[in-house]
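Heads up, the next two complexes both have chain A, just with different partners, chain B and then chain C.
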Partner chain A sequence: MDTMRADYYILQDGILKRKENTVYFENKGERRVLPINKIYSIYAYGKLSFSSGVVSYLSKNGIPIHFFNYYGFYEGSMYPRETLISGDLVIQQAAQYLDDDKRMQLAGKFIEGACGNILKNLKYYSRSREDIQKNIDSYISSIESEILRLPDAHSIAGMMNVEGRIRNIYYSALDEIFPEEYRIVTRTRRPPGNKMNTLISFGNSLMYTTVLSEIYNTQLNPTISYLHEPFERRFSLALDVSEIFKPIIIDRIILKLVNKNMLDDNCFRGEIGDMLLSDKGKKIFLKEYNDKLGTTIKHKGLKRNVSYKRLIRLELYKLSKHVLGDEVYKPLVMWW
Partner chain B sequence: MTNNNPTTPNTTKAPKDEYSTTDHPLSPTMKITGVKINYYHICHTKLWLFSHNITLEHEHENVNIGKVLHEERYSKNKKDVTIDNTISIDFVKQRNGIIELHEVKKTKKMEDAHLRQMLYYLYYLKRRGIDAQGVMNYPLLNQTKEVILTSDAEKNIEEDIRGIERIVTGRMPHPKRIRICQKCAYSEFCFCGDGD
Partner chain C sequence: MYVIVVYDIGVERLNKVRTFLKQYLNWVQNSVLEGELTKAEYMKVYSYLKQIINEDEDSIFFYRVRDKMYLGFDELGSRPAEIDTII
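Let's look at the complex of A and B:
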């Protein structure tokens, strides 16, 4: 198991250097050592300069670097050369996409999983917040009735519509839970229009890259996806799988940050309509994120504790087994 | 991945088809490596996944220990003699005019599978007209064990080869829980479902 390797988050501008078998991050203020055997992925939020030497070295060791721009938006990844390739698996993965029924079946599973986890989040608040319980419960039942319409969708676009409606109901429900200054109202992207949209955008792009790193460590091809179109983004399978984990990881982090008053005005910068996380805000979010990925939970199939991060890998294994015809994919819905 | 051993210079030069059509009692449709023989005697799911390039060993601690052991011990001997890209022997020695194949293993827990693997190497070389003996090395236990290819063993190997071909060309065998799953790099792949 990959317990020894960690994710490195670099928030500042600086230079990535290779000296012998060690990677260093350097700038005026600091010099951080990143031992090659201990790096799993690098998340670069600052302006990062690096030599080709360090890139080829990281690539050789199978370490991706994910780049985010000044605003915290995902820009791209240095995705190392694939070393884990199974022709059989890729053919089966593509076959599932090309067969409409099989594709719809898998696409539906991602929506089912995402909704299952969305409902878990809402049910938690329905139990703990008596003052708004009634309202939340009515959102829960609308989501539940929307899910029932999923089998009637005869196209991916139709499924996407169901998913979109569920997400809107979910956001309205969250608006009941969040204090006024954190209301979503409507989901806006690039730039996010208010604090909550900022947090969601930041978290979702983080989730996408983490899933991508996990896919890199399996034989699955990251470009063949089911719910999202393979041409939507370069690595669209990461979008599909992220759907399952966004409510489990990102939404829960946001709920915690807001409900525990962990954020203040210094965590944000910019105006309404162009609201961004400041370095302080990013730091707080990334710490929660890293802690969350490391949180463990008893896994029923493996009969031992696994981290949230490992759950992503297990989800990819489940997907591999589905395309190989061993076991029908059943999306992860929080059992805790 | 070349044959560095001066005592068996002919092995890499023999044309492959000559070997498979005239000498071999079977007509293998796939490459049977030593690892496949080993996995066949451990777990059919693992054999299938490995043979379909779904490899998971790269992240597993035990595999890394084995790798280091392999690299550190016996460094003065000729190492990793690979023949036809098919069998890969840890190192080869010549003693009293007899060719000795050596395999280094960490423990005896999978002894049967390891012995089968060695017997397969001996069998493979015999088909190429090379008689050899095997020696299993257990440096951590301070033990060695000699392995000799008997005619019964040869028959077993041929059955193994047929068995492997049957499994690998079929559907992925559904994982079954056995004692050694706990230590296997594939266990997360096999039991990733949440168990209900």
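Let's look at the complex of A and C:
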């Protein structure tokens, strides 16, 4: 199982080389050997140069590299040649998209899953924080009533609207939980306006790339999506699926970082209105992220322990089954 | 499983062993590598090394634990190599 391979996060500037049949990362102060058979994917946050051999060597071994720019935003991926190809699945995936009813059904499932997990997060805080329980409960019930409107939406745009409203309510609810300096107020991107927006943006782009790495390891085509439009120049299926995992993984990490006071002012750079994570902040976030992906929970159906990362893959398998007509897709909602 | 490999190999074969091991494990000290391996990977490493060494002269030890958490570990002095995945 591929969970034995590790994700490497490279924050420093340097050169990636092929040397002695494995991968070396080198710069002035550092020289690391990455065992080629143990790399799952590489997240490049620094300025990375490549020697000619390393790109083909990584591709040959099916290792994608995801690039993020100086600001921590996703730039693109070196996505190796697809080795898991199934024409049948791609055709079925497209057929699901072209049939409006079927597309809406799947799009709805992604929203349903995302909202189910959002509610789980809020319910946890409603139980554990008596001082704000009443407020959170009222947000919970307005999200619940929004979800009921989902079946009435007759277009993808209508569904996106419902989703947008739910997200707004969710962010207001989170603002009750977060201390003052970490309020979201309004969601802003590129550049994120304050600390919380910075954390959300950073986390979401990480989530997107992790899902993309997982899609690479299935036969699904990453460009055919349902909730998001597939004609954007992005692997939009990864956007669809990451909706489900953002509340489970990213939001929980952020809540932990903030509630346990793990971040200080040195973790951010820039000013309010143009706030970014510093290297220190990135490092802390990435460590939590990596630990989270490796955390295991007991899976009810499989009756064994699976990691969060594995859950993403299982979700994609469920999606393939749905597309092929084997089993109706039921989005993952945290049972723990 | 978590594996620590310690070797003592004749100079003629040393490079072959070292470069092969580096594809699977993290180098932590001269002649010491460690890391997580699946059963299949372990078999692969074990049998490949068995082929290329001279069993009369060379020696390789494989220390295995089911999980790294069962491994007692203390450290002294300065580290020659970091093996963190966040670089």
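Simple rule for what comes next: the second predicted complex is superposed on the first by the 334 of 336 C-alpha atoms of A that agree within 3 Å, B and C clash if a C-alpha of one lies under 4 Å from a C-alpha of the other, contacts with A are read in each partner's own complex, and residues count from 1 in each chain.
What we mean here is this: a residue touches a chain if its C-beta (ideal position, glycine included) is under 8 Å from a C-beta of that chain, and two chains touch if they have at least 3 such contacts.
None of these values were measured; they are calculated from a predicted model.
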After the superposition on A, what does A:Ser320 contact: first (chain B), second (chain C), both or neither?
first
Could you tell me if A:Thr22 is touching chain B, chain C, both of them or neither one (first, second, both, neither)?
second
Output check: A:Leu302 vs chain B and chain C. Expected answer is one of first, second, both, neither. What do you get?
first
Between chain B and chain C, which makes contact with more of the residues in chain A?
B
If you stack the two complexes on chain A, which partner ends up touching A:Lys47: first (chain B), second (chain C), both, or neither?
neither
Classify the contacts of A:Lys60 with the two partner chains as first (chain B alone), second (chain C alone), both, or neither.
neither
Could you tell me if A:Ile36 is touching chain B, chain C, both of them or neither one (first, second, both, neither)?
second
Just chain B (first), just chain C (second), both, or neither: which does A:Gln12 touch?
second
So, does A:Arg189 touch the first partner chain B, the second partner chain C, both, or neither?
neither
Which chain A residues come up in both lists, the one for chain B and the one for chain C?
1
Which residues of chain C touch chain A in their complex?
18-20, 22-27, 35-38, 41, 81-82, 85-87
Would you mind writing out the residues of chain A in touch with chain B in their complex?
1-2, 84-89, 217, 219, 299-303, 310, 313-315, 317-318, 320-321, 324-327, 330, 332, 335
Given the complex, residues on chain B that touch chain A span 52-55, 58-61, 171-172, 174-175, 187-189, 191-196
Footprint of chain C on chain A - complex, ascending:
1, 4, 6-12, 20-22, 25, 30, 32-33, 35-38, 283, 286-287, 290
